[in-house]
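What follows is chain A paired twice: with chain B in the first complex and chain C in the second.
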Partner chain A sequence: MTAPGNGKVGIVIVSHSPLVAQGAADMVRQMVGDDVPCAATGGNPAGGLGTDPNRIREAIEAVWSEAGVAVFVDLGGAEMNAEMAIEMLEGDRAGRVRICNAPVVEGAVVAATEAAGGAALDVVCATAEELSP
Partner chain B sequence: MSTARTAVTITHPVGLHARPAVKLTKLAKSFPAAIRIRGAEGAWVDAKSIVKVMALKLKSGTVLEFEAEGDEAAVAVDALRSLVERDFDEGAALHHD
Partner chain C sequence: MDPTQDLRRTLVRTVAERVIAHADELTRLDQAVGDGDHGVNMKRGLEAVLADLDAIAAKPLGEGLKAAGMHMVGRVGGASGPLYGTLLMGLGKALADVPDRAALAAAFRAAIDATRARGKSDVGMKTMLDVLVPVAETLEAGGEGVLQAVRARAAAAAAATAPMLAVRGRASFLGERSRGHVDPGARSSQLMIEAVCDVLEARP
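Take a look at the complex of A and B:
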């Protein structure tokens, strides 16, 4: 997990599989670098495949800055739990977190590239969403 | 308003794949000038757009052109050409691809 607080949009990767989430985060770090805060979460609390709202909330908080956070999710339940996690955030943070409609791996890499250049949350998400037909 | 243009052949054996595309757009974004890129005399795209640059899928041996307009246009195209000439600084990483 990369240190937050440098004013760049943070990236959160949510997959049903912790290995997929971790692998996607590894690709972000290797391809884009450590200057963009990036957190990954996957798996349910029982150790199986799944996603967990609390863990997603912790991941968002880990990369939080005033610039906001872009969240990438894989299958159905991940998006629902990410929405729950966003609702659980303190204060007005929810307004600065977006779930991007983009593929997890490609979306996270593209979003991190934009975030590294200092782009705002709307631009980061819009760029990642260019990937979706 | 100054304009600058340059051409360079991709020598990186894997071409302009994902990681070089990230490096190229990050470098392009560091300049204030508007910068366009095209390969093999195809369509021009925004060199600061990671999605568009990746979608070019340019292979090794392709002639790449940069055109910049605005402040530091000449510096920008020189820096980008140099990055391509240096194989995107990936010499050591190639064996892991």
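Take a look at the complex of A and C:
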């Protein structure tokens, strides 16, 4: 987990597998260092494969800044649980969190590279989404 | 004790226990077309509901359903958590404490619409909606023996998902191979609806 701040868009990686999520976050850190706040979460509340909206919400809050947060998810349930997590956020934060329609690993790395340069949330997401056909 | 509290407790307990009792069957169905976790995920969520049964039954119906929905969202961990969570919370938002059939039908329709939006899905895609929407139609039509009609419609609708081609969720990865199996979410929806009918029919 990298500390939020410096006005850069945060990255949250959500996978059914905690190992996949952690691994993708490691790759992000290798690319951009600690310059971009990045959090990863995976696994269901019982420790098996799946996703947990409460932990996704915590991950978003951990990297939150006014610049917003780009969220990357793997399969169907992860997207829905990320939506639930965004709806649980306080105040008007939900409006500055986007689920990017992009592959988790490549999307997160591309987005973090863009965010490191100070790009706005829309640009960060649009760049990652160029990866999707 | 408030007599409706007793009914709420029986409803929630019966629905939860019915699905839990069929967890292995739901898992087998999900192994055929999905990732094999529907039974165990539903069981985990509904066990959290049962653990909070006293508090849920003590609330007005709508508030209790919202609380049950939050347990599903928080504990399930798969797609069925947000889907059933949205359904229950949608019902809770729309329901008066002692609804008549028309009020229940309207609330059910509103909850289904929320679930449809959550799953970005629709009827005919081999999902829980293929049971919920036909049941809503039967409930809206009302008439003599509506509970029997609802039960029959739910069973027929769940069975009718078997030949469907999955276009949402993990089952869609299978393409044509998704045909020939009842959708696990359609089956769990049928089980819940049957349990509700059982309780309502047994009322004195």
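In the analysis below, the second predicted complex is superposed on the first by the 133 of 133 C-alpha atoms of A that agree within 3 Å, B and C clash if a C-alpha of one lies under 4 Å from a C-alpha of the other, contacts with A are read in each partner's own complex, and residues count from 1 in each chain.
We adopt the following convention: a contact is a pair of C-beta atoms (placed from the backbone, for glycine too) under 8 Å apart; a residue touches a chain by one contact, two chains touch by 3 or more.
This structure is a prediction, so every number in the text was calculated from the model and none was measured.
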Clash or fit (per the criteria above) of chain B with chain C on chain A: fit
Partner chain in contact with A:D52 - chain B first, chain C second, else both or neither: second
Touching partner for A:N44 - first (chain B), second (chain C), both, neither: second
First, second, both or neither for A:A120, with chain B first and chain C second: neither
Touching partner for A:G77 - first (chain B), second (chain C), both, neither: second
Which of chain B and chain C A:L19 touches, first, second, both or neither: neither
Comparing the two partners chain B and chain C, which touches a greater set of residues in chain A: C
After fitting on chain A: smallest Cα gap, chain B-chain C, Å: 27
In the complex with chain C, residue positions of chain A that touch it: 43-46, 48-54, 75-77, 80-81, 83-84
Sites on chain B touched by chain A in the complex: 18-19, 22, 25-26, 29-30, 48-52, 54
Contact set on chain A toward chain B in their complex: 30-32, 109-110, 113-114, 116-117, 127, 130-131
Of chain C, residues touching chain A in the complex: 35, 37, 40-41, 44, 73-83, 85, 118-119, 168-170
